[in-house]
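Take a look at the structures listed below.
Okay, so chain A shows up in both of these, paired with chain B first and chain C after.
After this line comes the complex of A and B, so read on.
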């Protein structure tokens, strides 16, 4: 408990300083935020065009897809906010600057991830909340305290899955020199997560459910709210999937960190 | 409790490296190759370091210096042997070890790049759980040593290399570590900043009896700070003892670098022969042509006056340019191999 408090205090200290420092680069913040908002709007636009030519997608309506997409946006917020430094891992490892993360008496993953706070995550959070409210209104969903609690739990599990997939992909750099394709592939696969898994056939559905469980990033957990009368059994395993995949990611990270030998000097 | 801070006993580190083949075909075959060779980066070394010592840990590039430092700081796992730092096995107890040590890498800062210096210090205070009184006391001491106050509000990225180095060194002592590793602390700095850094290191060592291990290429650093040096080459310790013996020997050596007009293959051999004939044939003068186009003439001034050699060279060959430098680390190691310390 004392350790947890220590880490929370430390994170708040680093993050507030970081935010202060980043405020010096205001243009950077606004441009990247606007870029991110446009990416999301473009994705929604693609859905909209898609639904103009077909009435539904494997039984899913536009509003339901919008809901799943909003859920997806929210579930990647923690990745964006707290784990954004994962993108820099291969540079640190190849250039040897990764060594400094071994030298402090705190958890290495914490220290590494605390080194960057991505502010546009907050913009994404706002966008996701807005879309979720909009989609629920159109779907006529009602929210009560219980359902909000379930939403929180579901988002927690989903974000762990999203974090784990990218962390494991990034860790490839500990063993492979040119590891960008691995990261790129993970990102491309993650882009499938706002789609209903039922549109995929047997192999891909199996892949996205069990092996690279992007189904748990948005689709399975959002079933609780969209089709509560026919929630597949799998959905109840979301928290387990989240915690399990994060445990695996942490294991891979630890293995990678321990096999790192650094550059010459 | 005894005062041994670092205990190294038959320590080795081996790396398995794939034997790479040439060309595209070789690269493809490498994918399936199991043809590894073992590189003994550190090969069966032993030494003990006591509290309060400043030890120079030196050697040429690729000698095994940074591998040893990486083992002592808990980054790498030893392949064989015993290694204890403040009674801990660094690799097995990385966090506990980190609490009692400080590390500075001359080439990369460990401070928070975008943050003002003082905020980096505050974060470190929190990381190491340094109490307010100790923190204030230390900062006060650093302010007396180097006037850092003016830098406090500057982001680290705006500091000059020398200022950043001073801040990094200060930061590494904040939590009152028992041992501090300084890796090339004066690399790339000019003479006045070097001397300031040396005096700060000496003062910090004295104030808390902090053990310091210094790796460097700069023999000047070693001479100014260390009483004991350990020289490592090809993974083995080739000298461990007082610095006096080494400086007495190499203090007298100077390298005369000359650029010869119309240099041809064999000119340096002819020069060496001519110098041998003129000044006597023993090892006092060595001539070597380097890739940069300079010809190095290394002279032991105790045996032959440098000026005489210079005049002789100028008279014998058409010389375009001349420089006189202190003997290099590589040369020292070569001389030790040749039995200079026996």
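After this line comes the complex of A and C, so read on.
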């Protein structure tokens, strides 16, 4: 408990420094936020265009898809806000500045990730909440304390899955030179997570459920709220999936960190 | 001319350094095609044609849009922005080369690599393994020119976006916004035919459809005649000229506000 408090305090200290430094570039913050709005509504826009021509997608209505998408936006908020530094990992590793993170008596992953807070994550949070409320109203979903609790739990698990997928992809940089395509691939796959997993069959359904579990980022957990009468048993394992994948990501990170030999400069 | 060619060669050689990472790009592109296949199969479940397009036409359209994406993505906006914010731009400015063509030649090498190594193989896989048989007509003959012009339009837009860094010193937001607008409004994600009619009329007046929709039309529209193809190429040429000129105009204005601190 005391270590936890210690880390929370440290996080606030490190993050505040970062935010202060960023405040120099106010224009950048607003321009980035606008970019984030566009990025976040792109997929919804695609669905909106598609649903002009089709009544449903694999049995899911536009409002239901919107709900799943809102859930997806919310579940990637922690990744965007607190783990955005993984996008810089390959630069730090190649240029050698990664060595700095070895030299503090704190958890390395924590130190590395705390070095950056991506402020534009607030856009996803706001849009996610807005879309979730809007879709719930259109679908006639009612919220009570119990359901909000389930939502919190579900989002916690999903965000861990989202974090793990990109962290593992980023760690490729410890072994591969020019690892951007690995991350790009992970991102491309993750972009499919707001789609109903029922559009896939056979191998790919299996792949996205167990091996690269993007199904757990949005689709499976949001069924708790959309179609509670037909939730697959699997969905109840979401928290296990989240914790399990994060443990794996942490393991890969540790392996990578230990095998890194620096650049010699 | 010779010096620009050396830059093209240099950028081609530079990207050859990253062969393993290229492997992942190919895998990623193939996987993307597979995912699109599933998505569009479920869109077309139980219907023959949507908005006059068969499943095959729509699928080839969006899958090849993915290949065009890897080809026309120049990263020139990021590159220019990086040169401006880091100050290394002064080294570019003292070179006896035209700034716009200097960056153009640097991206041509990447484009050639991506075309040969990624776009072309993906297209072949698409045609061979997915049995995506579309009727190809005379449009195919115009496709190479269409693709080159698409690349030039994409570069011209990226160049303008990159130059905005003279004013903002920030690139992520602007580049992202440009990227999303380009992909959404060009047919890169959903064929232009799927948009509501009123929206389509507006989109056809914008340069973005000239990057994706025009080359893809050459490929998937079954009964294009030569005159229609020339019309499509003409539209692209107009956009290339307009956007290149706009870029040059912006450069002369923007380079006046350049401020590089120390070094």
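Assume the second predicted complex is superposed on the first by the 265 of 265 C-alpha atoms of A that agree within 3 Å, B and C clash if a C-alpha of one lies under 4 Å from a C-alpha of the other, contacts with A are read in each partner's own complex, and residues count from 1 in each chain.
By definition in this document, a residue touches a chain if its C-beta (ideal position, glycine included) is under 8 Å from a C-beta of that chain, and two chains touch if they have at least 3 such contacts.
Keep in mind it's a predicted model, so treat the numbers as computed, not measured.
> According to the stated criteria, A:88 is in contact with first (chain B), second (chain C), both, or neither; which is it?
A:88 sits against neither chain B nor chain C.
> So, A:105: does it touch chain B (first), chain C (second), both, or neither?
Only chain B is touched by A:105; chain C is not.
> Under the stated touch criterion, which partner chain does A:9 make contact with: chain B (first), chain C (second), both, or neither?
Only chain B is touched by A:9; chain C is not.
> Identify the partner contact of A:27: answer first if only chain B is touched, second if only chain C is, both if each is, neither if none is.
The second partner, chain C, only.
> Between chain B and chain C, point out the one touching more chain A residues.
C
> First (chain B), second (chain C), both or neither: which does A:61 touch?
So A:61 meets neither chain B nor chain C here.
> After the superposition on A, what does A:17 contact: first (chain B), second (chain C), both or neither?
first
> If we overlay the two complexes on their shared chain A, which of chain B and chain C does A:184 touch? Say first, second, both or neither.
second
> Could you please specify the touching residues of chain A with respect to chain C in the complex?
Touching chain C from chain A are residues 25, 27-28, 30-36, 38-39, 42, 45-46, 49-50, 52-54, 57-58, 120, 176-182, 184-185, 188-189, 192, 195, 198-201, 204.
> Residues of chain B touching chain A in their complex?
Contacts found on chain B: 15, 61-62, 66, 70, 73-77, 94-96, 98-99, 101, 103, 105, 107-108, 110, 112, 114-115, 119, 122-123, 126-129, 155.
> Can you list the chain C residues touching chain A in their complex?
Contact set of chain C toward chain A: 17-18, 20-25, 27-28, 31-32, 34-35, 38-39, 41-43, 45, 47, 50-51, 168-170, 172-177, 180-181, 183-184, 189-190, 194-196.
> Under the definition above, what is the set of chain A residues touching chain B in their complex?
So the residues of chain A touching chain B come out as 6, 9-10, 13-14, 17-18, 21-22, 24, 96-97, 99-100, 102-107, 115, 258, 260-262, 264-265.
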